[in-house]
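Encoded as structure tokens, the structure appears first; notes follow it.
In this document, chain identifiers A, B, C, D, E and F correspond to the written order of the chains, with residue numbering beginning at 1 in each.
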Amino acid sequence: MEKKILFLFIRAPFGSIQYTEGLRAVVGMMSGLDEHKVTCVYLGEGAYYALKGSDKAESAGYVKTIADISETDYLVVKESLDERGISEDELDDMFKVVARDEVAKLIADNDIVFDF
Amino acid sequence: MEKKILFLFIRAPFGSIQYTEGLRAVVGMMSGLDEHKVTCVYLGEGAYYALKGSDKAESAGYVKTIADISETDYLVVKESLDERGISEDELDDMFKVVARDEVAKLIADNDIVFDF
Amino acid sequence: MANINFLLTEGPFQTEKWATAAKIAGAALKKGHSVSFFCYLDGIYNGLSTQKFADWEKVPGDYYKELVEAGAKIVCCGICVNARGQQDGQFFYEGIKVGGIPDWAAFVGEADRVVTL
Amino acid sequence: MANINFLLTEGPFQTEKWATAAKIAGAALKKGHSVSFFCYLDGIYNGLSTQKFADWEKVPGDYYKELVEAGAKIVCCGICVNARGQQDGQFFYEGIKVGGIPDWAAFVGEADRVVTL
Amino acid sequence: MALYLINLPFAKEGLEMAKRDSEAKVVLIEDGVYVDASGAGEVYAVKEDVEKRGVGSRVGDARIIDYDELVDLIVDNKVVNFA
Amino acid sequence: MALYLINLPFAKEGLEMAKRDSEAKVVLIEDGVYVDASGAGEVYAVKEDVEKRGVGSRVGDARIIDYDELVDLIVDNKVVNFA
């Protein structure tokens, strides 16, 4: 059965591998028989991945494959950015800034919530 | 060559194994040919290990062996307790409360500082 | 009765997650629920039949063997298995399978609940 | 010239520590310093010669093999090796040894500096 | 109805989300039992984790549950993982 | 002279210690380069970690060092591990 899945990227890149293995998982979820729908949210220490200069080399292939399958949102939480003193003009274009209130709505709206 | 070694226990028990494998390491350091001198300091999330009710079953054997080799201090940092709302009467008798300033002196006084 | 999928991303001993997941899954199986595991990243080390630790009566792998015997489906990420040098899972307990993310996606499709640990 | 001991407690892939430690140690060896490693807890997985990951040209074990070839002494905690199902380190690269905490205590005794990662 | 599974490292983010859910149930698990979750909905704490850490007197109004009860909560509610 | 090796998870405790050492040198390493270490002595940040994370403009006055320079610092100072 097709499900709506929220991937929360919450660990700091790049000290742990989740930032890219989570995206590998997203690809897998979207390309299986059930064609699950995925939204990616970066919050907490995970917000650093949204920085323009953060190295996307290891994960670029997954991001491209994801785009080929379906339009997918990469959201970063405003409060997480604020707490880390990151301004919106420091962010890579692929990310859209949302407030925690929006993520709460996404949690309500998705069937499954993974933390990566 | 005999060294003075400070073991900093900084991870929360019991989510990770360091709280007891660090004590296994202390035993090994003290019982080798060099008979290194060890002091154990619990700070940050590691301070929770000092709670009277925290399960010492897995680590009791190491604590006993350490005591048989030499008198060893188990210190817990006052500021870490305060930040977690832990009062001194909640602590196990084996721990002595010290201020961060004291730990700074211990760092200066020891040859090697491990974080566990 | 519900179908619960566990995503396990950490290995045995180092953290407690292998134990917590096994205990929740064991309780779920006893209540008659269906249980599946996808072992991803370091999670794949949990299925090894070769763990030996004299201090404990049972090693983590034993708990996962028992879960399989109680009806849990356990699949380990093959890319992770070979990246981590575990040779196609040749030392895993029987019944602990090597597969891929598509297996996990299928588990998730069937699952009423997903628990990540 | 100095003697530097590294304590490595995390495995390959999952965190970056295996890479950071290997890079610092490699730079130290090139400068003529002595280097030893004690691989403790999940750190023991780094010495496996069986790691296969097509996405990377070199796997973590290769870096540790090169460190040994450049003169680093690497000892893995035997209790950890067998607890984690790695069968006395039979699949470790040659020169990566299985030992005990006494070996580590001796490394520490000889070391001018200790770095934990 | 959502069940927020909360461990220590992600507690802050998890509780922020639970506080925005008027029907939130929060389960403190593993090192999560060290966390003060008051104000984040109906709070539960896993018995075995509480006992091992000796924090029975510190988890406040949290309802102490065993793994059987945790399974029931998991089955009856959507699980939001912060563990 | 002590060299504090600081990664993200233990940064708070490590910096508290460095601040109590008038001769402290602090090296931000791995995810430690996300940390604001101003006021904790002479601050260094590992080049490869800074570049990978794209935080060159965020590490303030920290001196950017490569692994060769890090080895020199390690050899010349007692290492205090918070990494």
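Please note the rule applied: contacts are C-beta pairs under 8 Å (C-beta built on N, C-alpha and C of every residue); 3 or more make two chains touch, one makes a residue touch a chain.
Just so you know, these numbers come straight off a predicted model, no measurement behind them.
J.: In the touch network of chains, how many steps separate chain E from chain F on the shortest route?
T.: Minimum step count, chain E to chain F: 2.
J.: Going only through chains that touch each other, how many steps at minimum separate chain C from chain D?
T.: 1
J.: What chain lies farthest away from chain B once each centre is taken as the mean of the Cα atoms?
T.: A
J.: Averaged over CA atoms, how far is the centre of chain A from the centre of chain D? Could you give it in whole Å?
T.: Their C-alpha centroids are separated by 33 Å.
J.: Quick one: report the Å distance separating chain D from chain E, using the average Cα coordinate of each chain.
T.: Whole-Å distance between the two chain centres: 38.
J.: Determine the centre-to-centre distance between chain B and chain E, using the mean Cα coordinates as centres, and give it in whole Å.
T.: The computed centroid separation for chain B versus chain E comes out at 29 Å.
J.: Note the residues in chain C that touch 2 or more other chains, in rising order.
T.: Touching at least two other chains: 13-14, 16, 41, 114, 116.
J.: Two-or-more-chain contact residues of chain F, please, as numbers and ranges.
T.: 30, 78-79, 81, 83
J.: Find every residue in chain A that makes contact with two or more other chains and list them.
T.: 14-15, 17, 112, 114-115, in rising order.
J.: Tell me, which pairs of chains are in touch?
T.: Taking the chains two at a time, the touching pairs are A-C, A-D, A-E, A-F, B-C, B-D, B-E, B-F, C-D, C-E, D-F.
J.: What residues on chain E touch chain C, complex-wise?
T.: Contact set of chain E toward chain C: 5, 29-30, 48-49, 67-68, 70-72, 74-75, 78-79, 81, 83.
J.: Under the touch definition given earlier, write down the residues of chain A that touch chain F in their complex.
T.: Answer in residue numbers: 12-15, 45, 48, 51-55, 84-85.
J.: Going by the contact rule set out above, which residues of chain D touch chain C in the complex?
T.: Of all residues in chain D, those touching chain C are 10-14, 41-42, 45, 48-53, 59, 61, 79-80, 82-87, 91.
J.: What residues of chain F sit close enough to touch chain B in their complex?
T.: 2, 10, 12-13, 16-17, 20-21, 78-83
J.: Show which residues of chain C lie in contact with chain E when the two form their complex.
T.: It comes out as residues 2, 4, 16-17, 20, 23-24, 26-28, 30-31, 33, 112-117.
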